[in-house]
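One chain, chain A, appears in both complexes that follow, with chain B as partner in the first and chain C in the second.
Entry: the complex of A and B
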């Protein structure tokens, strides 16, 4: 019974922790503008992140080491450093976006301007990093994040023309009034949001924090194989709500409130409360994960002691790195840049940097020195290679497409 | 796995030694193998005598100006009584790969700046010792 409970809890946590501000914004923006015509990107991204997260989980469970702990060993000092710097900057940008998201969710709940909420949000994130036990942290935001299931309920309540949605999803081309280049640009943004690199970095380090052994691998796999696809369904529901309710009203999504509009239309005040809880949990959880991921990356490259489960006094550089990262992110958001724009740029830049995260995972997952006979199977390697080609193609076109389309205008 | 499995066999220092995580006898992190020291006695071939672990020691391995700047800036963080990168004699190494494990406690002077920071800054924030 206890086992069943822990399995269920793990899976629910994986579902609830899957979405972040990038997914919320990207899916709503895309649904309101392109209907369901980019829905196919979500399953493509989900298969990719499932595949590579499983590799990372296997590496961690068998070798007891986080993937990025191994990057420097395999790439060497120089290439490893270049990789670290690029990943670090993008992780901080993503973290800033999540902090902006927390503040926007609090603004929606209170009516007080989001900039006033930014310091509060950061202070909360830091206190959790500093004090809260690891397992509690993950479970709390994971379970609260399940509130986003409300998008599924809202979609069903809105009683859409399901056939029309399917036709739109199967069209694989932009609506008549939109350009191919803009459509492709948003497709790449959505792909970057679905395959968010920081979450894999966090996941593999959290395995070390929780002292995984090969016996924990089964649990981790179930969570991944169940949690991520269901998380993907939630993403589709958000896109569907936007396509059904925002697109006909020709609403251009420019803030977080508009993402919630279809839910409010379908379910009223209760819906609003639930969706705000979901927004807060999703952004708060992602802010924690990305803040920790930034500290993990630095500590693992330089060989510092690290771990949220250790007393901060014993891991001073790790804690200091997180604290300084949070301060930098706060200052960045406090400049008053539109947080939604920060989100959009962070997911496109993530898309541009995808191979930096996933190529090393692939290399290490094939290394018998670490994994013995638990290296990738031939099937995993074939699918993984196809994905690496795709990731490389995406990373090459991401930035030029962003410039060409003026970031999708 | 037998100890000292690398000794007596051929291995590439760049692959087996450099950039590996070094842990002490108790499994605590000491640092990465940032560089290695070679010595030459008489006319014989140079032999690897020590691992250097010190972020500043990474400088010469990054190219050009960045490497020099790296070394200059980071070597300032060393404590006054330890103005050299931390040396770990090769004899202290129990096994190199996959993690470099020492048969001794962490060498003196390693993580000096970090320990100072932990003692004097981080531990003063409430909850640092939980």
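Entry: the complex of A and C
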């Protein structure tokens, strides 16, 4: 019975913790502008993130060490530094966006300007990182994130033309009056939002925190193989709600309030409460993960002691790195930059840096010195290689497309 | 599966000599340049470019106005809480105001573009006015003001839709 509960909790946590502000915004923006024509990007991204997260989990469970730690050792300081720089800058930008997302969710609930909520949001994140036990932290925001299932309920309630949605999803082309370059740009943004590097870094390091062994691999795989696809269904529901309710009204999503509009229209005040809880949980959870990921990356590269489960006095540099990262993210958001714009830029820049994160994981996952017989199977290597080529192609075109389309205008 | 070989022991690390990664500063500078370039509003040097900017502005204004209409409907049906309604309206009002300022700052490339500029500027100002009226009515919980604002938004949305079709 305990085992069943543990599995269930883990799966639910994986589902609820999958989405962050990037997914919320990207799926709503795309649904409101392109309908379901970019829905295919979500399963492509899900397969990719599932594949590489499984590799990271396997590396951690077998070696007892975090992936980034091994990357530095296996590939050398220079390659490790390139990996660190790419993922650290993107993680900080992502964390800023999540902090902005928390503040925006609180503004929608209270009417108080989001900038006034930013210091509160950061303080809350810091307190949880400092004080809350690791397992509690994961399960709390993971389960609260399940509130985003409200998008699925709202989509059902809106009574869409399911055939029309399927036709749009199968079209694989932009709607009339939209250019291919802009459509491709948003496809890359969605792909970047689905395959954010910080989540893999966090997942691997949390495995070390929870002292995974090869026995824990089965549980981790179930959480990954079930949780991520179901999380992908939530992302499709967000896109679907925007496609059904906002696109016909010529509303293009530019703020978090518009993301919630279809849910409020379908379910009223109850829907509004649930969706705001979901927004808060998703952004807060992602802020925790990205804050910890920033600390993990630096500590593992420089060889500092690290771990949220360890007393702060034993890991001073790790805690300092997290604190400084949070402060940097706070100051960035307090400049008044639109958090939604920060989100959009962070996911595209993330797409541009994906090979630097995932190639080293691929290399380590094939190293028998660390994994023995549990290296990648031939099937995993084939699919992984295909994805590495895809990641490289995406990273090459991401920035030029951003410039050419002026960030999707 | 069982591991037949033990994991490789940690290699001893010699003295750490970190050479600066070449191009790291350049990469950061390039990133900053990209972000700045995509955020800039380029001048419209040709009539075609001006029409394109006008089309984009019309579409964005229409989005803001239609959002206002949806919010007004939710308020009339009492389907949402005040903070959400006020915040959503405030956000699109600010967006409309920003669009008005940005388009107004564009230099028409030829006198032939002046009528378009006048028409879109008037519609932009009307959008801001109607959304402000909605925000004020919501804050005051003024049902009559809400209905009046919604009517204004509907009229502005119709004109924006017509202009959008002309420009396509």
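Some observations on this one:
Assume the second predicted complex is superposed on the first by the 409 of 409 C-alpha atoms of A that agree within 3 Å, B and C clash if a C-alpha of one lies under 4 Å from a C-alpha of the other, contacts with A are read in each partner's own complex, and residues count from 1 in each chain.
Keep this in mind: a contact is a pair of C-beta atoms (placed from the backbone, for glycine too) under 8 Å apart; a residue touches a chain by one contact, two chains touch by 3 or more.
Owing to the predicted nature of the structure, the values given are computational and were not obtained by experimental measurement.
Contacts of A:153 after superposition: neither chain B nor chain C is touched. After overlaying the two complexes on the shared chain, residue contacts for A:131 are found with chain B alone; chain C is out of touch. In the superposed pair of complexes, A:63 makes contact with chain B and with chain C alike.
Of the two partner chains placed by the overlay, only chain B lies in contact with A:304; chain C stays clear of it. Within the superposed three-chain model, A:76 lies in touch with chain B and out of touch with chain C [touch as defined at top]. In the superposed model, A:369 makes contact with both chain B and chain C.
Look at A:222: by the touch rule set out above, it reaches neither chain B nor chain C. Counting residues of chain A touched by each partner, chain B versus chain C, the larger count belongs to C.
Within the superposed three-chain model, A:319 lies in touch with chain B and out of touch with chain C [touch as defined at top]. By the touch criterion defined above, A:47 lies against neither chain B nor chain C after alignment on the C-alpha atoms of chain A.
The residues of chain A shared by its contacts with chain B and with chain C are 63, 73, 77-78, 81, 303, 369-370. The part of chain B that touches chain A in the complex is made up of residues 14, 18-22, 28-32, 34, 53, 55, 58, 61-63, 97-99, 111, 114-115, 117-119, 121-123, 125, 127-130. Residues of chain C touching chain A in their complex: 1-8, 10-11, 13, 16-19, 21, 24, 27-28, 31, 34-35, 37-39, 56, 59-60, 62-63, 66-67, 69-71, 74, 79-84, 86-88, 91-92, 95, 161, 168.
Note for the complex: chain A touches chain C at residues 62-64, 73, 77-78, 81-82, 85, 89, 107-111, 177, 214, 249-252, 254-255, 257-258, 260-261, 264-265, 268-269, 272, 276, 303, 345, 349, 367-374, 399, 402-403, 406-407, 409.
Residues of chain A that touch chain B in their complex: 63, 65, 69, 72-73, 76-78, 80-81, 130-131, 301-306, 311-317, 319-320, 369-370.
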